[in-house]
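Before I ask anything, let me first share the structure, which is written out below as structure tokens.
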Amino acid sequence: MSVQVSNKLTSHSSSSFWRITAFSRLIRDPLGLLGLVLVSLLLIGALFANHLTPYSPKALDVKNRLAAPSMSHLLGTDQLGRDTLTRVLHGGRVALQVAAWSISIALVVGLVLGMLAGYGPRWLDNCLLLVFDAVRSFPTIIFALALITLTGPSLKMVITVIIVTSIPVYARIVRTQTMALKEQEFVLAARSLGTSWFRILRVHFLPNVVGPLFILASMDIPVVVTIESGLSFLGMGVRPPTASWGATLADGYAYIRVTPWLVVAGGVPLILTTLGFTFMGEALRDILDPRLRRGL
Amino acid sequence: MDPVLSIRNLSLDFATPEGPVHALRKVNFDVPRNHIVGIVGESGSGKSTVISAAMRLLANNAVIRSGEVMFNGRDILCLSPQELRALRGEQISMVFQDPMTSQIPVHTIGKQMTDIQYRRSTTSMGDKRRLAIDMLRRVGISDPEERLTQYPHQFSGGMRQRISIAMALLMNPQLLIADEPTTALDVTMEAQIIHLLRELKEDFEGSILFVSHNLGLIAELCDYVVVMYAGQVIEKGSVEDLFYRASHPYTQALLECDPARIDHVTPTLPTISGDVPDLHIIPNGCVFAPRCPKAMDKCWTQDAGFSAISMQHTASCHLLGYG
Amino acid sequence: MLIYTLKRLGLTVAIVAAAMSILFLMIHFVPGDAVTLALGPRATEDMREAYRIKMGLDRPIHVQYIMFFANVLRGDIGQDVFSNQPVTTIISHHLPHTVVLVIVSISWSAFLGIFLGCFSAVHRGSLIDRFTGVVTVSAIAIPSFVVSLYSLLIFAVLLRVLPAIGAGEPGDLIDQAKHLVLPAFALGLGWVGYIARLVRASMLEIMGENYIRSARSYGLMEYTVIYSYALKIAVLPTVALLGVGVGNMLSGALFAELVFARPGIGKLIYEMVMARNFPVVQGAVLITTLMFVVSALISDLINAYLDPRVRSSL
């Protein structure tokens, strides 16, 4: 019976066959492939950061400070003599950790709140929407700075701010899907046949929300990495001596007239990461749902 | 007198991922000057495709396989974009099916109607407006001066279709093509629009090519009729020929199925059984054979060609003699 | 139109009130002494007592909430911890520079973005279109503060063609314009990408619409069809986007002002955060949020006005 009442909403069933085809199409798109390569480089660099260079990111060598790239220091050294390449690789770790934690938590909370807003009573929906809009009306960095003035800088605060400002975005998408589902007559029909909410959610709702959320999350990674780097650049994120691309950029800015290499070294991985995830995300969006391609 | 439009042996494919769709095959018919020709057929018969080809407003994946579209002796398919643009609006014009999406939503009717007259380089803006007002009055829009300053969404469907007709006739074209102009309107509106088209044709001394799936409208308006099925012309002739002496089994079935002709109470409406064929694969024989109540063995294997029933009346059927 | 305006205005007020409430909650539920926060560590006991009474810190929390709103509406958003100047005065000194930067950035990015988007749509599939596509995606992806740093490095430090620091001599428009080039470039680059892609997508969608087919069937010139008809419709969503762009740019302006040592509200916030001068930070947050919300409202209303379908029916 459920076959008769289901409609095209269930076309995105998550069979492994379909996932393989999406992957193969991703490889065939030049930008998507480039994105995949860049992302892989980032992941490898971050995962094996400890093994790829002989240095520790905290090892000082003040005699050799601000050295230009050489055979022993492929990206040169910073103002304390630390090997820049090592710090860059470890910075990648920080970036990915922040991204992983903040996006996954924001997704879960956003999913719950979005469903509440979509299914719940009208007043709850209006309240939640108001809160979402209010949170989104703070310019993100400025909001982060205000919070950090109150609590003091730390990576945990960065993650918190990102979570808080990301939740409204995810929740809205979930809410839209939820409301669309609510409108579908087949839900009423399925319910009248005794189908449990759980089954409706699993079969009809989740497949339609997972796709857009997944794409949104992967497009969000560059944004999150940027926010972390930006806040660390301002000194409001990681605490020294922890390595972060933003911290390296800040060091580079301070010594910009002495050597350009720190700015280059801090910026290039950031650019490659954001480009990589963006290219990959765009390619995935084209493959999974061309409808979403509204030009942004 | 030579016809204003002459479609000769037009064959057209649409390129699709599943292979080419043979949308038009050897379509042949003329539109004589100062007459109204109707094209009738069900969805998928190719009637909209053929008139899109006449204006060269086809989709990107359309491929002309062979044939010509002769307008006043020139093949439209061979014209350059500038020559085509010179033709459109001024010599050939079109009225489309959905009046609610036919005008630009963000400009006033007046601006759109004066824009259309851009070729009248010696006419002042005031005169262009006056011409627009006259035309609006001709098509039955009240208060035309006021209307020029209004936006399309402020008009009803019927009025918007009248405006479309006004815009199409503004430059006095020799041929007006109407693609199911009343399908989106209710019946009273429909009657008015048909009446309007008849009047205008008298005033403007032009021809109309009228596409519809509604036999009643065709009977009311047209002088000549072309019947299309699955991308082919299967019968054509004068309106009397077709309605009183329909010769192709498809035409006969169409007439029988017309609800207006039913004169007794019946529990079921007559239909033509079967479906329109898939145009990816063209059969060797008659394309109507699968649904034809009078099909013979010959019909499945041999193309029927055209047989003349009278001077203007031809049909493509083995039953008519030479096949 | 009037009803629509009133509705949007009402919604905006609600959002601002909600945002202020969130700010209030932040202050009161984050650990830390509110009085020290407001007055700084060097406040005397008298000052602290006076502040406690003024802000009603001994009163229940919902009274404090109302007083918070009452104060803001009166124009009192606190005093600078060190100089005791009203925050509003301090902000009004710094705000104009940021406003100029944001307006210039949005303007050039809108112009170039619309042009690129339209061009790409008209020449869809061409090499230029595909190249522009890659460039716009990249422009959106690369963080604006990195663009600031790199343009500082390349143009100011290495090539020395443009100034690195400050806003230029007051009164000397050319000098000020030169100082605007790099920061406005860095801020606007991402938005060129956004706008170009939005306009391209809108144009492509519109060019497939029936009314464009009608316009072509009347034999209108191609440039009339594209620029007078299609582009006019395609640009509408861009106006709404620009309102959101302002909010985004306020954050980016902070980095641009720091990197290029320009005066402005961003630099002010940063310095105040470093000095733990919370009242100014709070005031700046309120002002920038208000700016964001108001600009979104204005661009929304302009968008509604420009579209005759919305204008006459609402």
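The first chain written gets the first letter, and so on, giving A, B and C; residue counts start at 1 in each chain.
Basically, a contact is a pair of C-beta atoms (placed from the backbone, for glycine too) under 8 Å apart; a residue touches a chain by one contact, two chains touch by 3 or more.
Just so you know, these numbers come straight off a predicted model, no measurement behind them.
The minimum number of touch steps separating chain A from chain B is 2. When C-beta pairs in contact are tallied for every pair of chains, the largest tally goes to A-C. Taking the mean of C-alpha positions as each chain's centre, the chain lying farthest from the centre of chain C is B.
Centres computed as Cα averages put chain A at a distance of 55 Å from chain B.
Separating the CA-averaged centres of chain B and chain C is a span of 54 Å. Once the centre of each chain is set as its mean CA position, chain A and chain C turn out to be 23 Å apart.
Of all the residues in chain A, the ones that touch chain C in their complex are 31, 130-131, 133-135, 137-143, 145-151, 222, 226, 229-230, 233-236, 249, 252-253, 256-257, 260, 263-264, 267, 270-271, 274-275, 277-279, 282, 293-296.
Residue ranges on chain B touching chain C, taken from their complex, read 55, 57, 81, 85-90, 93-94, 96, 98, 101-107, 112, 115-116, 118-119, 151, 153-154, 164, 167-168, 171.
Contact residues of chain C toward chain B in the complex are 209-211, 213-222, 224, 228-229, 232-233, 236, 306-309, 312-313.
Of all the residues in chain C, the ones that touch chain A in their complex are 14-16, 18-19, 21-23, 26-27, 30-32, 37, 134, 137-138, 140-143, 145-146, 149-150, 152-153, 157-158, 194, 197-202, 247-248, 250-251, 254-255, 258-259, 266, 269-270, 272-274, 276, 278, 281-282, 284-285, 288-289, 292-293, 296.
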